[in-house]
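In this document, chain identifiers A, B, C and D correspond to the written order of the chains, with residue numbering beginning at 1 in each.
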Amino acid sequence: QEDKLFVYVSPDPIGVNAFLQMGRDGIEAAGEEYGADVRTYESRTAADRLENVNAAVNEGADIVVLLGFEFNDIVREVAPTAPDTEFLIVDQCIEDRPENVHCAVFREYEASYLMGVAAGMLSESGKVGVVGALDIPFLHRYTDGYAQGVKSVAPETTVDVRWVGGENPFSDPVRAKEQAVAMHSAGSDLIFTATSGGDFGVFEAAEERDFLVFSVDINQCPQAPGHVVDVTLKRVDNAMLQAIGAILEGEHAMMSLGLAEGGVSAMALEEDQLADSQCVVAEHPEVVEKMRSVAASIIDGSLTLEDPMFAQ
Amino acid sequence: MRASLSGITVRFGALTAVDNVSLDIEPGEIHAIVGENGAGKTTLMNVLFGLVQPEAGAISLDGKAMRWASPQDAIRHGLGMVHQHFMLQESMTVLENIVLCAEPVTRFGFIDFAAARRRLAEVAEEHRISIALDRPVGRLSVGERQVVEVLKMLYREAEVLILDEPTSVLTPLEKDRLFATLRSFRSAGKAIVLITHKLDEVMELADRVSVMRGGRLVRSGRLSETSKEEIARGIIGGELPPARQRTARTPGEEVLSVCDLQVSGRGGAIGPLSLSVRAGEIVGIAGVSGNGQAELIQAVTGLMPLLSGEIMLCGRPIGHLDVEDRRRIGMSYIPEDRQRMGLALGATVSENANAGRDDRAAYTRGPFLNRAAMARFARQLIERYRIRVGGTSAFASTMSGGNKQKLVVGRELARDTPLVIAENPTWGVDIGAIDFIHGELMRKRDEGHAVLLVSTELDEVLALSDRILVMYSGALAGEVAGAEADRERIGSMMTSRAADALPEVA
Amino acid sequence: MNGTLGREAMSWAVALAWIAAVLFILMALVGAPFGDALSAFLQNAFGGRRFSYLMATLSRAALIAGMAVSVMLSFRAGLFNIGGEGQLVAGGLVAALAALLLPGPPLFVLTASILAAMLAGAGWALLAGALHLYVGVPLLVGSLLLNYPIRYIASYLVAHPFRDVQSGMVQSHLVPQATWLPYFPGTRLDIGILFIIAASLFAIVYSRATVHGYHARMNGLSPAFARTVGLPVRKLTLQTLAMSGAIAGLVGAIAVFGIHHRYIDGMLVQPLYAWTGIIAVLLVGMIPWAVPLSGLFFAAIQTGAAGMERSAGVPKEIALVMQAVIILFVASRVSGALVASSERKAGAAEDA
Amino acid sequence: MLDLLFDPSFAASVPRFVTPILLAALGGALCERAGVFNIALEGFLLVGAFAAVFGSFFSGSPYLGALAAVMAGTAMGLVFAEFNLRRGGDAIVVSIAINILAAGLTTYLLRAVFDAMGAFSDPAIAGFGRVSIPGLASLPLIGPFLSGQSPLFYLALLAVPALSFFFARHRLGLRIRAAGENPAALEAGGVGRRRVQLYALMGCGALCGLGGAQLSIANVTLFVENMSAGRGWIAVVAVLLTRGRPWPLFIIAVIFGAVDSLSFRVQGLGMPQQFTDMMPYLATLAVLVALSWWRRGRTANGGTL
């Protein structure tokens, strides 16, 4: 029996969601590292999330890790009543944090911006697309970041932004595929997909109709070899490990993780992995070159990007 | 084929519906079964047909003991039953209804309709029946539906035919046709059971008659060895009341007047027609069903919108009012279809008895119900109309047909309105109850109420009405004063031309 | 008498044995200990430190029972209104927006918002009723179809014009803190459940003891009969739907002021409150007093199953299967359900 | 603008949307006509989709995959029958339970059989290719819609007249209609209502299974948790709307499919996703309203004839 308990509460069923899976990897690594019991509570609805957080407190968790922006209200409500529990929100933060609330956020739009740069350079039709699961602010970090990246290298290129929607937007490969096909028919030759469970559908469309795609979170290039140009990488597990370490040291942690901190990245930036990644971008050294230089200017601060999540 | 029932007993809870009944049904005979409502006739036949499992007793066919697991067994062994309530699919054609459950099929289970037509042509030829096979049953008159039911039995080559009150909805002409058919069956050697409440029919048709009362078989024998009076005494278990004396009465002022009324009907517009009913008279409307009576009544009661014309009740135009307002002004209505319109079968007797009362204060306290007052009222009806039922909180669905009818009549007459509309008020009701309901309607008249009676039963119209209107093809075909009316004249008014209204039935 | 009771008890026992057997097999497949799972289930449905899990069950039960009561009013009147979800969303949305937009003292804002939510729920139900009565769209279809537009309208409103931009989620701003429903002292259960208890009492009394309820039920049992004896059928239909919708709207408002304190996209749809309410009603054959208890039963199943997933290592898919199996076996045990289906059949035929 | 809406892929995409809905709805029609209030089409579809991937993965043939889907769907029909017909559970309650059961079971099996979470995609899953029927593509107007689809689409197309004929001319079809309209009369004729309804449920399961196969091994070749994604509910609406008549059902399914497919294209014009998601439902309501007005107009005329 370990003497500490870490609980990871996911905002949605984990399933194939690479981001949420990494959260679980992260908590397990942290449990290993710091000698704690770990548990994972998956939620499905807003009410489940509240219940799960309450349950974690009730079970006497030392650290509750909450992944996603869905937990703000809940933390604001529960944290003051549970002084013995530390809360770590990954991906989001709240204002006027109590002492026991810690944050780690990502700047996904920096990586998405790089995808846009690649798309702008590779597009022959002058039109590229992006499909997100649902028109929610969080996903604008992908869609808007991408669009800005495209415009930065090819101001004339238009960006077609679409959403999967429907009854089950985060895992509907059929609609996602259909959406990709429609965009391709409408002229887009490179499509960025941030559709969670729908990504498979977009890859299939790419293989059938022979166009190129970008994807997110982990290296998905082997899913459709020769069709995935590049993917954004998000190091949730790293972030979690670091943040938990900081909390255990007694810090009031507030971390923002972007390209500079290694919290997000792209395959093109990973010099040692790129060759074996099966990503198409490896065949375009000039694109890799450009992406790396843009990344460098983001890292050194000469290029600043705004977080699209808070844009109206 | 000879069917025998011996020692049959059926119990529903505490009630013994059929009590140790033994009966033989001989081939080449028409066997009439009569008895009060709830005497157990239907239940007994349901046992024979495999719909009800008896608690005790045995069935045998030609001396061989039989056990039915379901009606399918009975049908396979040559039994056929025409149920009181039609067992038909309204959206299907006549042909589809006839073959249903006994379909001639080709290799993959597809129905060989051509073969069915050929078979039916033979059967129909033999018994001289004919009907258009491709019409949907929903568009047939009740008489035609009865023909379909009979054809269903014939098509299955039934040797024992059971007909549960087949004539209660038929016009005289249709009834005659049915009887001709039944006679033809008899000569073909089939065994026929006929349940009915009409003793004239028994006298006309039956070879043998059995009387049931309270679940027991009180007598059974050849018709020739008994008389109508004796049968009637058997049914009632006592003497028949003397025939009613009609008191002469001059009608008062006009209670209902209908002027140039037009409504849309099934086959086209009904009307224009005009009529009036005065206080203290019974106006009877005779006619073959389906000639616009139903539409007329629905227009008067407010169940159907008018196309044009006006209706006055107690001097007030009511054409634009809804049912509730019309009833409040002074109208009661005994609908023909007690199962659907007269009662809510899933509700209790008490709830049914109190629906539509205007004297709300008597059974409510503010917005709340006074359940005790409701039950008291229902109990009054039960006692006054001698309704046989488990109690005020029994479900209406557990009452026999006659008792259901009494409850509807009782509820409506208790409202004591200037106008009473009665539509086939004695449909399927036993002779005791018929007499009682007729007496109530007469009493209403004598008390100065206006009564509008619609009946497909010519005898009923003749017995009650002060004036008789005959409806044909959506219009009034003529008017006869009650005293001068005779069967033949009215019968010919409604049937002579009615024959060409039903060209499909030969 | 004793015999039938004994038989009844026996068949219940058999059903429970079936449920246990199916669950046992499923759990054996993933190697979860049956006993632990069961105790985790009970513990998580009713126990917890200071009964915190019981509070979670009650909080969920409030919403489910509220929806069940709403549905019951319609169903008993023969109105096959399965648009409770839309009415719930309409109520929740309007409650949140009204609280955000209305000026004035908190108590006034709260009261006015709850009333507005009830009006919105009633309005959405009346829309289905009007389509049914005046346009000829069967209530069953119309009310089901109307669930979707309101869901997306709400989603649009909180995604665009009324979005809380700072939060990054599809949700409205928080309603003023002074309008939040207080917790029962020492618990994390808000007093919204009192509203639901009141609504349930109202529905029970209404169904059993009022003239309007009696008339509505006659209409439900046989519309032709109701018309013939002169009951105001259209008015009854619309009034009943409005009542039903208003209660759904109230439930939406309670979810806003008691639990989430804002309108979050999907918060009323994803937990299937409306559908659970429908099964809760059908499970007990629309017997009024049993309906709230049935709602509590389903809430307990859901919190228990969620807890079992958390603490006994039984994966969530087993929890789903378990819920389904329990519903299947229990539902088929309850004879009242037969009544319900025959009444519905009559109602559906009337829609033609 | 218009060319954006009606790009060539539009015609090809409509059948992909129509097929699963149509197949599920035809199955639902069997139940509706038989008087079984089955709103578990969503669950049936989902199980079918899973079984199709299962069958195709292990056999390497999409046809065997479809067969597995048919068998699994039929099994779900049997479960429905057991609890609704035999044990007398309310049809809605049973439906909802089966929908939950399907979601739970498929996810569980996904984990147990394929050791996959959420989704399973593998080159070993054989998908249906596109069938090109000579001459079809050159048909005016409808050619682009009909050509180059999966065999299941053509099957679904054939199923419409077949079901119509089945109801009109087949023994079981006739009995199914009777069970739905006046079951007492069927029983009085000696045919058990329940048996007939059982067959209807099995047929419904089989058709829904095929619909599921279209989703998982024809539209795409993978399985994702809950991949039926509400299509079963759309089929339910279509069935209720048409009272289970095959031809009107076909029309509604096509409208649904076309509007759904169109709504993607409209998104390209910048309409908010929430509004495009609403389109199929609003279109259906509009059709309903129009239909009822048309009917009313017709009966009003008929009344005075």
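Quick note on the criterion: contacts are C-beta pairs under 8 Å (C-beta built on N, C-alpha and C of every residue); 3 or more make two chains touch, one makes a residue touch a chain.
Here the structure is a predicted model, which is why all the values come from computation and not from measurement.
Engineer: Tell me which chains count as touching both chain B and chain C.
Structural biologist: Shared contacts of chain B and chain C: D.
Engineer: So, comparing C-alpha centroids, which chain is the farthest one from chain A?
Structural biologist: So the farthest one, by centre of C-alpha atoms, is B.
Engineer: If you average the Cα atoms of chain B and of chain D to get two centres, how far apart are those centres in Å?
Structural biologist: 45
Engineer: Can you check how far apart chain A and chain D are, centre to centre, with Cα atoms defining each centre and the answer in Å?
Structural biologist: Using C-alpha averages as centres, the distance is 35 Å.
Engineer: Compute the distance, rounded to whole Å, between the mean C-alpha positions of chain C and chain D.
Structural biologist: Each chain's C-alpha centroid was found; their separation is 28 Å.
Engineer: Which parts of chain B, given as residue numbers and ranges, touch two or more other chains?
Structural biologist: Nothing qualifies.
Engineer: Two or more other chains in contact with one residue: find those residues in chain A.
Structural biologist: 13, 134-135
Engineer: Quick check: what residues of chain C touch more than one other chain, meaning two or more?
Structural biologist: 159, 316
Engineer: Just spell out which pairs of chains touch, all of them.
Structural biologist: Going through each pair of chains, those in contact are A-C, A-D, B-C, B-D, C-D.
Engineer: Show which residues of chain D lie in contact with chain C when the two form their complex.
Structural biologist: Result: residues 35, 37, 83-84, 87-94, 96-98, 100-101, 103-105, 107-108, 111-112, 236-237, 240-241, 243, 272, 274-275, 277-278, 281-282, 284-285, 288-289, 292-293, 295-296 of chain D touch chain C.
Engineer: Spell out the part of chain D that touches chain A in their complex, as residue ranges.
Structural biologist: 4, 7-10, 13, 16-17, 116-119, 121, 215, 219-222, 224-227, 229-230, 233, 261, 264-265, 267-268, 272-274, 276-277
Engineer: Over in the complex, which chain B residues touch chain C? Could you list them?
Structural biologist: The touching residues are 301-303, 322-324, 326-328, 333, 335, 337, 340-347, 351, 355-356, 360, 364, 367-369, 371.
Engineer: Which of the residues in chain A come into contact with chain C in the complex?
Structural biologist: The touching residues are 13, 39, 41-42, 44-48, 50-52, 54-55, 58-59, 69-70, 72-73, 81, 92, 95, 134-138, 309-312.
Engineer: Could you please specify the touching residues of chain B with respect to chain D in the complex?
Structural biologist: Residue list for chain B touching chain D: 51, 70-76, 81, 83, 86-92, 96, 99-103, 105, 108-111, 113, 152, 264, 268-269, 307.
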